[in-house]
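Read the structure below first, then the notes.
Lettered A, B and C in written order, each chain numbered from 1.
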Amino acid sequence: MMNSNDRLEVRKTHKLFIGGAFPRSESGRTTEVTDHEGAFLANVAMASRKDAREAVIAARTAFASWSRATAYNRGQVLYRIAEVMEGRTDQFVNDIQRTEGVSKKKATGQTQASIDRMVWYAGWADKYSQVIGNTNPVSGPFFNFSIPEPTGVVAAVAPDKPSLLGLVSVVAPIVMTGNSVIVIASNSNPIPAITFSECLATSDVIGGNINILTGDPTEIMPWLAAHADVNALDLTGVTDPTLAKELEVAAAGTVKRVRSAPINPDFEATPTLSRVRAFTEIKTVWHPLGV
Amino acid sequence: MSSLDAHAPVTHKGLHAFLAGLPGVDQVGAEARATALGTRSIKKDSKLWAINTAISMVDLTTLEGADTPGKVRAMCSKALHPDPTDMTTPSVAAVCVYGDLVETARSVVSDRIHVAAVATAFPSGRASLEVKLLDTKEAVAAGADEIDMVIDRGAFLSGNFSKVFEEIVAVKEACGPAHLKVILETGELKTLDNVRKASWVAMKAGADFIKTSTGKVAPAATLPVTLVMLEAVRDYFQETGIRIGVKAAGGIRTSKDAIKYLVLVNETVGEDWLTPDLFRFGASTLLNDLVLQRQRMLTGHYSGPDYVTID
Amino acid sequence: MAFEYASAPESTSIVTIKGSYDLFINGEFTPGHGTSFTTINPATEEVLATVAEANQDDVNAAVAAARKAYNSTWSKMSGADRGKYLFRIARIMQERGRELAVLESMDNGKPIKESRDVDIPLAAAHFFYHAGWADKLEFAGYGTNPKALGVAAQIIPWNFPLLMLAWKIAPALAAGNTVVLKPAETTPLTALLFAEICQQADLPPGVVNIITGAGDTGRMLVEHPDVNKVAFTGSTTVGQAIQREVAGTNKRLTLELGGKAANIIFDDAPIDQAIEGIVNGIYFNQGHVCCAGSRLLLQESIAEQTIESLKRRLQTLRLGDPLDKNTDIGAINSREQLNRIIDLTKAGEDEGAERWSPNCAIPDKGFWFAPTIFTNVTQAHRIAREEIFGPVLSVLTFRTPDEAVEKANNSPYGLSAGIWTEKGSRILWMANKMRAGVVWANTFNRFDPASPFGGYKESGFGREGGVQGLGAYLTTEDPS
């Protein structure tokens, strides 16, 4: 499309985000993404199961250091993501308008809500363990405490709409709690996800901590659901009950934790801590009290 | 664990390092184990055997400022015949008195049972080494064949383990042929770690017996403290082949309590220690309860205080 | 003479075992329509009673009763009143504690010392603890208006029958759910006595339903469409089958599955208490414990002397009549379980590990297995990876803390771990690194209703006990 100066636009190649880098799919495939009216928007990389496998390796590697980062540190990293997102507000608004076909006002509202959502979770990083962890008053001479720990590597499916806010609402709590994530971005509205991955690449996120794949969830998710090195599934964006069931069955193979798709979700409303609980494991420690 | 030859000069640092290398004791775990052993249920034949054994392990004790020759003579008679209505009742192992009443005690018991004397400025242990050694020698000369000494708890708690060690060595020498029991006074040592360390100091220094308490400080003997001492004795035997005895003194009043201690001995160091040569109860009122229980077992009905002698 | 502990048998006269038992549905004992089966005393192989089997009609009736009770009574009742029922139940469990303990030992095979001092008191304590939550749910961190899920289907194993029942029923009821519970087929009797206790407490009919049966009954219960929540404790294999079964439904699920816990002893451990911890860790309840310390990880520098001390300690364990108060090791729960243990220990020998047991007189009748130690075990041995669920300890060594962490975590399971060292910073460092839901430091096998219990990885998900355990039985208004 020509801009008002008749300058030829340099179009973006929309690639995957794995291990902090932007590779194409090893399969070489792309998929065509159209705007809400059906007009061509972009060719987006179409992830294969091998890409997913690489993403799991990158996620597990990053998990080693991310899970050991202090809570304060994790809050700082999330806040930095928000800062970078803020700087790209116009780009996000543009992305959302084009892909979802909503008004600029609505797109702006969604962008701001997404940034605010990231800030909200950033502020939780050094607090949630005080809310969902505690000491336990056992009846014996023991000191006993329960703390939440990250479950490990989470495979998630982001919802189609709202394309940015839904993605951030899925990713932020997973990462805030010390986990790594492989997200399958919305198949129909992937553009905001790709801009989001650019934000991640330019903030302080450890490479591999957050991996964003564009592609067909029906093709990739079964591999992730059965992958023995994935600890949990977030099926927020899986609206097809047949696929959801197939993934839940596959998850049983290694007793993965599964968070099902919410029914009629309202992503704008302030979340509860259920996502934080879903991707943390409670560890309880006992020690005798004696001289 | 490095072995310290009790007769070689002990360096302060060497002893310190040795004691620091001993395994710690988890108080909660040790107390739980002692309590669990106390739930062993003893019935019938075993119980009678246990009561007879416990009687034969008693060091019948009087250690009061108000002790007189008359009091001591009465106690010694009882020591020989704890139950005058049943002469099959075993004698106790020993009588235990202050050094200046040893002669009186010996005149009653002659050499039928042991006469143990407390010495070394019992119970506080606060006096010069010369005074402590004289205390010991006089008691032995008067006829004591066992000496119950106290360790210097002040020296122990201030970390002067070598002083504690050397005093025991010196008292052992002053004992001559008499057997030495070393009182740790666990109620003042407070922690089970200290009890373990003090046990090792005493054993390395030549004790024949390690003893929990003077009976003048509470808590005196307890199951957890005795457990730790028995473990030390067991470990010492593993290392040297030498069997050292344990005396639990003070606070053991009932047959039920005494039997718990026997279970402790049985399951910690083994049945070889279930003999007065290796285990004693320092007690006074315990004997009457043992006699009452013995009467109940043999007659089939509960007995009463009128059927046992006051002393 | 040797100090013989004469047997000190607990009298069985305190408990009356009926010839046959019905199902407990809608507050009444009602005949089952499946094929009745027997439950035996595993120490004597005597038949204790005949027990009904719930067939599909019975399962339907039980779920319907639970649903009706939920809709008409339990969901309308105030939290305070629900709490009062739970307090009543807790009290009666204490009153009938001796009876429950004797019955548990007879049906399960565990020593009376354990059922009397651990199982039954903890079970009552669970009801006490959760009774107090019933009217305080809005403070538990699940939103200002948390609600029950509805009808909970609960399936429990045979290793701690009454305690597992308490872990399931107490929080479910406190949170406002009604339940249908299926006890294990080899240990139904204390659950059926519990049903009587519910009657004594005047619990509204249908709030608690107990249906006896085996795998088929359990499957029918899990598959029932009117169940909102499934809670399962048992083997990983069955847990996975259940997870597959509820896939695609809206049923909430929690699983508490197997384990192969590492009990890690450092060279500066309080060694006498560590030995007790090892013994307790694997021989308590005959090793029929999901969180058993079945892998002993010894620091190599103290391995030899620790194994010697451990062998010496094992000589004082008494194996025999579960009703003898002096018994430390009771009967294996069933012939099937005994055969599994025998097979796996044989595999251990075949794979080259060295096997040792103390001299143990084994009674003629009943199912028994002497406490056993395997030394020279490595991670590659089956006995180091598979859950034996018996009194069998596999001993491995490590050189450094990092190696201990690696070996401990190198398992698909992640239920529990033990750490023994006198160094405080190392305790916390190790606890931090253990991928396990319960970490016992300088202690082992401690349980409390206030303390959340559950696993990582293939040991399951969800917690039981504590404020975290309530979440499994509540739903919150969650916008996304």
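Keep this in mind: a contact is a pair of C-beta atoms (placed from the backbone, for glycine too) under 8 Å apart; a residue touches a chain by one contact, two chains touch by 3 or more.
Keep in mind it's a predicted model, so treat the numbers as computed, not measured.
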Relative to chain B, chain with the most remote C-alpha centre: A
Most extensive contact between chains (C-beta pair count): A-C
Mean-CA-position distance for chain C and chain B (Å): 44
Between chain A and chain B, centroid-to-centroid distance (C-alpha), Å: 70
Chain A-chain C separation of Cα centroids, rounded to whole Å: 37
Residue list for chain C, restricted to those that touch at least two other chains: 442-443
Sequence positions of chain B contacting 2 or more other chains: 26, 28-29
Multi-chain contact sites of chain A, meaning residues that touch two or more partners: 140, 142, 288
Chain A residues touching chain B - in the complex, by the definition given at the top: 140-142, 288-291
Touching residues on chain C, where the partner in the complex is chain B: 1-8, 113, 117, 268-273, 276-277, 316, 325-326, 422, 442-443
Of chain B, residues touching chain A in the complex: 26-29, 31, 190-193
List of chain A residues in touch with chain C within their complex: 131-132, 134, 136-140, 142, 144, 146, 151, 169, 231, 236, 241-242, 244-249, 251-255, 257, 260, 262, 265-267, 269-274, 277, 281-288
Chain C residues touching chain A - in the complex, by the definition given at the top: 125, 141, 143, 236, 239-241, 243-244, 246-248, 250, 255, 257, 412, 427, 431, 434, 436-443, 446, 448, 450-454, 456-461, 463, 466-468, 471, 476-480
